[in-house]
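These notes open a run of structures that come right after.
What follows is a pair of complexes built around chain A, which joins chain B in one and chain C in the other.
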Partner chain A sequence: MAKELLLSGCAAAAQAVKMARVDVICSYPIRPYTAAMMELAKMVNNGELDAEFVHGEGEHAQLAVVYGASAAGARVFTGSSGVGVTYAFENYSPISGGRLPVQMMIADRALDPPGDFGSEHTDAMSARDQGWIMGWAETPQEAFDNHLINYRIGEDRRVMLPQFVCQDGYFVSHIPGKVKIPDQAQVDEFLPPYAPGTHVLDPQQPCSHGPQIRPDQGAIMDLQRGEAFLNLPPVIEEVIDGYNRIMGRSYSPWVEEFMTGDAEIAFFLQGAHAATARHAIRHLRDQGVKAGLVKLRFVRPWPARQVAESLSKFKAVGVIETSTSYGGSMRGGNLLAEVRASLYDLPERPLTTSFMAGLGGDVIPLQEFYWMAQKLADAAKAGRVEKTVYWAGLEH
Partner chain B sequence: MSVPVKTQNLPPIKKLRNIPKEEQYVPGHRTCAGCGPALQYRLVAKAAGPNTIFLGPTGCMYVANASYLCTPYQVPWIHTQITNGGAVAAGVEAAYQVRIRKGTWKGELPNVIVMAGDGGSSDIGLQAMSALMYRGHDVLFVCYDNESYANTGIQTSPTTPYGSNTTFTPPGKAVPEGKKLFPKDVPQLVIGAHPAVKYVATASVAYPLDLMNKVRKALNHKGPTFLHIHAPCPKGWKFDESKTVEIARLAIETGMWSVYEWEDGEYRYQYKPKQYKPVREYLRTQKRFAHLQEEHIAKMQAFVDARVKSPGVPVNVPLPGPREQP
Partner chain C sequence: MFEIPKDRAVPFGCVTAAPVGEQPMMITGNWREYRPVLDQEKCNLCMNCVAFCPDACWQLDGAEEEVVWNAKYCKGCLICVNECSTDALSKAYELDFPDGVVRLEKPF
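Up next, the complex of A and B:
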């Protein structure tokens, strides 16, 4: 029976993974994602979920175990946070290059130093160019849905790519929210059993997987991985459409807008801080400020056309960066560089700047949103931006 | 959750003429002439037969074998990073366990074999190897030991013998013996700390029947097993490529290599000489030892004398002191 439960993002992820009838799970403890593995361990040991639960000896091994299991035809799940995500890094490209639809949950955590439990997107964003699908959930409900949606997308024969299914640590991973859980029959209708491709490790059909190539054989393989990403957008749209229909949801595949109809300024972000942003926008509207929000759902593939279409209607856009890119072109984070690249071909572009906010896992208080809105309003009035990055809360 | 689903019983091969004719590792690869690791690969694959999956951590047996569009494997093979052969094998085995249980794959659990070099087993790959042995996966881990990182140009590894001239331990005025450290004892690492392991053996390319029968015995065991195979490397050890088998045999005759198996807690030796030849006879066959002086050879002999007494007995080795003034 479909039901509604109060679940944290981690518990919601575990529910989705169970309902996906995953075959092999590989765990290693690190906060905050580890709560999802604790849930799955209970499900397996209670007999609710028939899966192999392998205790990996580290994050590097986690990704190696699921690489092998996926190559041997299993639907797999693993996850990590913070320095665990970076420790596993060597494996990301072999998995996407092997066209293995591995799924990895990331509950963000700031990287060291200093030791910090808080959510910051730099862990996952460092891996954004490794050939994986990547996107953020704002709520436990979205986390639940994204895990199922991503399996379906990644396992599509036109795609065959791994997926980072991300949620902010603590804000999403540990704060319970209402989660609508569909019937198992609905999930089964949406997500058929995994049908491994022709390159599965099977003694009845031998193949060699991941051999050494010559440099002149490399470019074509890179092109094939690139083409898989070109094939992605229609598949994502089709899958999300199907999910909405079967589950009764109303997700838009690429960007979700809030109070943008008549907005002059807008915040652009991904993940948990969208909830505070909406709250701030309601208050700003009360003050007569025409503010709106555009929330990104996938950072890979980057929806350049949809971002451009969405943002072109504003006078000024503030990109809220929850990750760092030291020494980058925008002097702060990565999202603004992607946003500006998306807008480049437009005849008329909105003014754009970025705000470093929520770093270290700190909350972005309403006051900071008001301050950011003021900077955007000033820019809109002046017709130009002062600079490409502001450090919210650390400057006036 | 794992339910053992392997019922195979590969029979021992009594005589050379009974060796299966079918090759699972075929010619056409790019290994050097006289390559010990390639020789043992062929024997391991032949012994294992067609219901086998090989995992190839980066190393000679990856780079020189697995050329795109012409790999020598007749059975499924997958590359792993040099770090994680054990972990990928765990995933493959776990996938087959669950797929057989759920009925999404029909057949007997394949032989899952990691074919790792000494670095991929005992150095950068040690963590994954140990975890595989600890967790009890039904996997055979083979360490083909050519006593160096040979693929990258002969650098020292934890199994490179004391006194070796490698590109990271070149003998010089300040360090006349080249390599100063004594090697890790790899099978003892496995035996000493992994209760799920019931079978560990060493083997040598000098004795192919013994090697193949140990592969079969290991594969017939349920759970993790480990083989440490001595595989001389003409390029790295600097000897004539026609001498691979002779040098492998001489290693056993001088005590530089011991052939034994450890099964359910009991040791059995094979090819143990009644009287060991002096290590000097082994050292002089290879140019990697050509620079050694009498005092170094004496140190090596003392180490070997202590080690051949019994496996698992700690050998007191001299620690490298501070660097000498040239």
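Up next, the complex of A and C:
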């Protein structure tokens, strides 16, 4: 029977992976993601889950193990956080180039300067251009659902791409929330067994994965992945529609809006801080500020049209970055650059600026949301933004 | 729609049928700056070149009377010259040969 449990984001991810009936799991410990592997190791040990559980020598080895297992036709799972994500970096492009639907959980963590356990999106965002699908969860429930949804998208024959399924470290990975767990039969209906197609390893028909190719073929390989991403949006919409129907959910595939009907200013962000943003917006509404929220569900593929449609109705939009891109065009993070590019072709664009917030594991307190809302209201009133980036809590 | 020239096509996911003997998708002989040259008189078939070549470019011929060189895949690393026990192998500048690889019309 379907049931409701109180689970952390890591435990919710492990439940989803178990219900996806994965064949091969490869672990290596690094917090905060590692709690998911602890759950899965227990499930394999007590016979709840029939999967090969391989302990890798490091994150690079983890990705190599699931690369090989996926090439052999297995449904695979791995994961990491922070510097573990960056240590495995070399393997990301070969896996997407090989069109293998590997799934990797990232419970994000600040990269070391020189050591920080807190949540920040920079680890995963650094890998956003490696040909993997990528998106964040706001709650353990969304994490659970995203793992199943991503297997279904990645393994679709029209897609065949790996997926980074991300959740904020600690804020999601370690704070328990209510998670509706469907029946196994519902999951089986939504997610059929992986049918890997013809490009898998088979002793009867030997083939080479990842061979050397000529430089004049490199562009063709890039085009293959490029086309796969061009074909992705309708598949994602179809899969999420199916998930909503079978599981009784109401996910929007691209962006989710909160109190945007009459909003003049809006926050735009992805992941856990959306929860605080909702509270802040309710308080701001009590004081007569017409604020709203737009939450991004996939950063790859980037939903340019839907972002433009959603944001064009506001006077001013504040992008909350939660990751860094030093020296970039927006002088802060990457999201504002993507947002502005999405808006560029509109005849009338909203004012946009960005806020560096939620970095290094910092919470974004309500006070900072109020301060950001004030900046947006000022911009809307003046008809212009002062600058492209503010460091919330660190400047006036 | 995109048009992919036939001679540049890449299979899905770049997964190729396992090569039998040689991999025609990746000819590396044209990376060479120097090539090893064999003096048959000095060769005693010690097989060091066969054993040490990282690309299996030295093989015994069918009659097992001499070692033969595969110009298509030899990158000119010259490990064989270093390992030759009778100094039968020496290095020679690629440009000195009429079929020197840099004279190919298309480098790759």
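Here, the second predicted complex is superposed on the first by the 396 of 396 C-alpha atoms of A that agree within 3 Å, B and C clash if a C-alpha of one lies under 4 Å from a C-alpha of the other, contacts with A are read in each partner's own complex, and residues count from 1 in each chain.
In this section, a contact is a pair of C-beta atoms (placed from the backbone, for glycine too) under 8 Å apart; a residue touches a chain by one contact, two chains touch by 3 or more.
All figures in this text were calculated on a predicted structure; none of them were measured in a lab.
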{"item": "Superposition on chain A - do chain B and chain C clash or fit", "value": "clash"}
{"item": "Which superposed partner A:E227 touches (first chain B, second chain C, both, neither)", "value": "second"}
{"item": "Partner chain(s) touched by A:K3 [first = chain B, second = chain C, both, neither]", "value": "neither"}
{"item": "First (chain B), second (chain C), both or neither touched by A:D216", "value": "second"}
{"item": "When both partners are placed on the shared chain, which of chain B and chain C touches more of chain A", "value": "B"}
{"item": "Chain B versus chain C as contact partner of A:H396, first or second or both or neither", "value": "neither"}
{"item": "Touching partner for A:L100 - first (chain B), second (chain C), both, neither", "value": "second"}
{"item": "Touching partner for A:C207 - first (chain B), second (chain C), both, neither", "value": "both"}
{"item": "Where chain B runs into chain C (options 242-250, 260-268 or 296-304)", "value": "242-250"}
{"item": "Set intersection of chain A contacts, chain C complex versus chain B complex", "value": "205-214, 217"}
{"item": "Touching residues on chain A, where the partner in the complex is chain B", "value": "23-24, 26, 44, 50-58, 60-62, 64-74, 76, 90-91, 94, 193, 201-214, 217"}
{"item": "Residues of chain A that touch chain C when the two form their complex", "value": "97-100, 160, 198-199, 205-217, 219-221, 223-224, 227"}
{"item": "Complex interface listing, chain B residues touching chain A", "value": "1-2, 50-53, 55, 62-63, 66-69, 71, 73-81, 83-84, 86-92, 94-99, 101-102, 104-105, 107, 110, 127-128, 130-131, 135"}
{"item": "Chain A partner contacts - residues on chain C that touch it in the complex", "value": "2, 4, 8-19, 23, 25-26, 108"}
